[in-house]
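Okay, so subunit A shows up in both of these, paired with subunit B first and subunit C after.
Right, the complex of A and B next:
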């Protein structure tokens, strides 16, 4: 999942839809840079250098693991959101699914490694089920995705409130300790989970489904005419996204170790911010999951850097908003320069 | 809200001339606006069976007063959606309006007559900044208004140091708590607002331009519409109306909080969508949106009057949004429309 792998891979799946739409796609280096995660990765490295300069201990295994633990929930949530955005949709149910998983884990804690595995399957099942409902509503009943997922989000929030009507409960100790810990004292488990998802995505992107996903996002009628099963692709996308939200809920629960029926709400808008920061086009068909993960990591790191610079936490949002606008303007500019050449 | 008639949809007849499906479309819009209105009345009357205290005239007044915030907010949201955008900064701007009103103006400041317009001007500036980013920097509306929302909230947090002070201006209190012509003042205001809003959106040249731009920007440009100005206008109006809703909220609850706008974001979108507008722009009427807003408020008050626990109430609300979306699907009305012919 190095930079080179994503930038060179970024051009391949998007070639099909853009070729279908407007002839051969321009192949400028700058243009390809924005397709992958180059821009946002550079920003992240820059920010991390600043962080390490302020806090010499930032390069400790402990500090890295702590940062990874903070990053993982938003990164996984943004990864799921990316899938839906690539298919030219919006998924608001993200907040509901994460809250629901968190509450279930806090009210029904399952101890031990076996319990943790079961909990993970439970989260995947919850996310997958909500995703299936979303997919059915959007792909088969043709509801507008933002409206349909708004409804499922409200329903999931309601179910979460029924299960646990106020913050409380305890997530099982095994999940809270092991999923936030380090393997062999060095590799953060939360980072591994995110890396596994990114690795899986790099494989999936090469499959027929991956190509179809980019194709329906870029130009749905063209994709349908070239034999893509639009409905099934869209359905699978929502289910996959839901399962990623489930994982995000699991990692969030591991990090907070307690239940809160509204725990997913702050991640709703931030997931869109991470996707946009990663350069994924909100009108579908362009971008990638890895870039969104780095976008999420950047938003999280920004909070840490601001905190260690002594900026009042009141103004975190000011910087997040400005970085978001600047990144989107800049990546749009690069794309336009690239397309002109 | 029974005053909805078929006039606004006859407007759509002219905008969509040339579309061979226009007869089906008109009937779809008329029917969905009427369906929402009938559903509102049926719910209010039907509520009597649940509890004798419901369905009375005083309950209608309560619904209209509580619904007035959402109507004002979703007027702006509806205009933005009409041009193919989305305004996520409404809650932040509403909070801005409320907090500036309590901080700058206070209870009985003799300068309120020029300070309150200044508050609305400040809100309008936020809308103008969003529009500037969207029109000139080409940032997608979703991202731009999201970023503005994060920025404004963070600035408000810093400005108030986390605890808003000050009292509601007398004018705002008079608007929300006073009586006029034997009716609560907010109800009179609501009727006036709905008439003005309807005149603006469906009867004025500005409204026509907005429909034209939402349907096809390039076509509107060629036809000589002032496209740039008309793409900026909705965001400014939306921000000013959000700021006004903030004033109303402050007048109603006699004080400002930092999260007072938060619960109105998703309802403002839901009201527009349930009212029969397309989230993609170019279609929908303000009367439909008003119906959507009143319907959501009616449901909210009835459900809270039943006395269910909060979680169950939330589930029912979500389910109702879903059912409304399913019932108001365009295809369904096209089918119904073709049956009548």
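Right, the complex of A and C next:
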């Protein structure tokens, strides 16, 4: 054999062409930054510092909990959306599932901690069932994900209107109080819920399913030829995403304490914004759930900062859009600088 | 066929059953018959070649063996038992694995992760240990003589040749009984490593199916060959008894005349159509050359010597960090392929990777061909149903692409026809300079002849061609002049009768009149041997 053993290709100087070609080009540190949640986390911290500067009470436990409560529904929705986007798909049913869970909780309130647990299971079941339908349509019947989930979204919203045709109803007190409260006066429950999801994701990422998810997002035929069960992976993804939307519906209901058949609609596009802001590639296979959660938190915090700066709420969308463009351009720029090494 | 000695003793299996046998296998997609009737028997410890033109049904047969496609009819036996895999995993469980021509590696995963797909976690453990995955990946790389590759490297960051080696190593790793290698040398400049791995697998008693268009290679490693033509297996021959002519005849159905490169002196009187001076960057370290009117200039090099960078820079895909490109005598600096096409008499580029850089898989072959001049196709900006096919017809005829394929989605055509369509597109741009990067990579003899004819006709008409080929006989046949790249520099330049394989090989590995700047010691005996072999 004529192989020249070099330590690992990257470090080899270009002196010997046959050795230098083996390793990948060395990555710049900037490039690594764009891979994780580092960039968006930095943006969030910066924004929070601005917020704290404007509102000295922003660091109070109460203010943090309030912010978390506002953040949780979008963060969970974005988390679910991330799963589908990673598998190279789009999930529009997010709006339908959240609305449906919300009206169910508002029309059939179940009191007490036991009732809350049942409500949560109910939300998970609704989300999981809609996700299963999506997964079946996309993975097994090979419908395009936008078309399939658009249909399920419309169906869910229709059902939501049947259950509750106008804003009203009330969510059980236990859910509205406890899920928006603080444990030991300090730790916001909504924050814990999001943290639990992120923690679960960090584990899932290290399973065979997690690797398969990234594989089918990047190159489905290659993944299939490598032995990955593409259909099952895609199906599980939609079910998991649906359950996360169910959780988002629960947290939204806890926050608003009332029902609205259209409550999920604003979260639809914002969930994509959060995913993109977190640096997850909309063409699949690259990104992560935690970054999307931070992206969602950033969008929510931006609203607060604008509000406390006295900017009219009509401008919120405008600023969110600009931040999104700037963040995506900036991350693309860093990636390009990094890849040039 | 007496080479099965030294295989480990596996007592319980009868030697006569140690084979994979397929009989009467067929598969059609709707009205299209991909495979009509194939019979083949692969014996343990034997390397068996599968030959045939593109579209003859080789890929379908491979997919059937692998479990990716389920045949309509026919039976298969593996070691005496019925073999009917319904998935790739099932085939893998029966120890049948394939190194695919189009490479089945997932680009965003690491080398080690790709090796272990789809089960990275240890049995019974839900979580994957990243360290263990790397360690197991390193172990596999080590076993296949690829220690220089970092198991933690993302596959997408590796050069094509290394990806191909990884694909092969993965298949060997999973192939306990049958190993299928589909065009394993498409991106490899030397066969040394591959043949060593094949030798090891053969010694273990693995039956190997070897698919390649390079007959020299097939003769070197295989003992028998089965020829497929139009979806039928024509017959199996011992390679010792059959001449190249016999095999070509079986493949094509008629004798192939061996065309020789006409001794033609290019008209260098006028200003060169394309000239580069001291190009640097993207693997180039000061490359200068001139390409005249009506000239076919070949580029020969081992893999990774800067040829890719050269073509991409000239095509406008990359911006050089130094040097000047002159088109028709005028210094230019174009930065996109579109600008290159409009620069002077025009430069058109045929890219290396057909699947990702060339075809638009969902569109028809005709659309793919007429893309560069689409605005001229329609009437008043609207394109009628048949307009594209009509407009593509002359270009298709140039490369002998059958008009009946023009209406098909190009992704459904065989690799050879896709390549013909791309060649037709490159010609149809009207550019007077063509940059062809490995224009016959992975295509059959018939397609090759058509592409050669198209290139020659283009040069006869005063066009200029710069082409790189990983196959030396191609350069010998086609080129009027040949540049040899080594370490990002032009190491040698051969002309006319001097373009012979031995001389090319010597220059390609850095031996010759001009010493390369400082790294002559890199080459070892290995590549010399390898290139000499593959050049035969």
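Brief remarks follow.
Here is the rule we use: the second predicted complex is superposed on the first by the 314 of 341 C-alpha atoms of A that agree within 3 Å, B and C clash if a C-alpha of one lies under 4 Å from a C-alpha of the other, contacts with A are read in each partner's own complex, and residues count from 1 in each chain.
Quick note on the criterion: a contact is a pair of C-beta atoms (placed from the backbone, for glycine too) under 8 Å apart; a residue touches a chain by one contact, two chains touch by 3 or more.
The model shown is predicted, which means the values in this text are computed figures rather than measured ones.
When the two complexes are overlaid on their common chain A, residue A:310 makes contact with neither subunit B nor subunit C. Of the two partner chains placed by superposition, A:56 touches none, neither subunit B nor subunit C. In the superposed pair of complexes, A:320 makes contact with subunit B only, with no contact to subunit C. When the two complexes are overlaid on their common chain A, residue A:332 makes contact with subunit B while staying clear of subunit C.
Contact with subunit B, but none with subunit C, is seen for A:155 once the two complexes are overlaid on the shared chain.
When the two structures are aligned on the shared chain, A:185 is found in touch with neither subunit B nor subunit C. Across the superposed pair, subunit B and subunit C touch subunit A at no common residue. Interface of subunit A with subunit C (complex): residues 1-6, 8-10, 15-25, 203, 206-208, 210-212, 214-215, 217-219, 221-229, 285-286. The part of subunit C that touches subunit A in the complex is made up of residues 66, 68, 88-89, 92, 100, 102-109, 113-114, 117-121, 126-128, 130, 145-150, 153-154, 156-159, 161-162, 192-193, 196, 302-305, 486-488, 518-519, 522-527, 530.
If you check the complex, the residues on subunit A that touch subunit B are 90, 92, 137, 141-144, 146-148, 150-163, 165, 261, 269, 272-273, 276, 282-283, 312, 314-318, 320-322, 324-325, 328-329, 332. Of all residues in subunit B, only 86, 88, 133, 137-140, 142-144, 146-151, 153-155, 157-158, 161-162, 266, 269-270, 273, 278-280, 309-319, 321-322, 325-326, 329, 331 touch subunit A in the complex they form.
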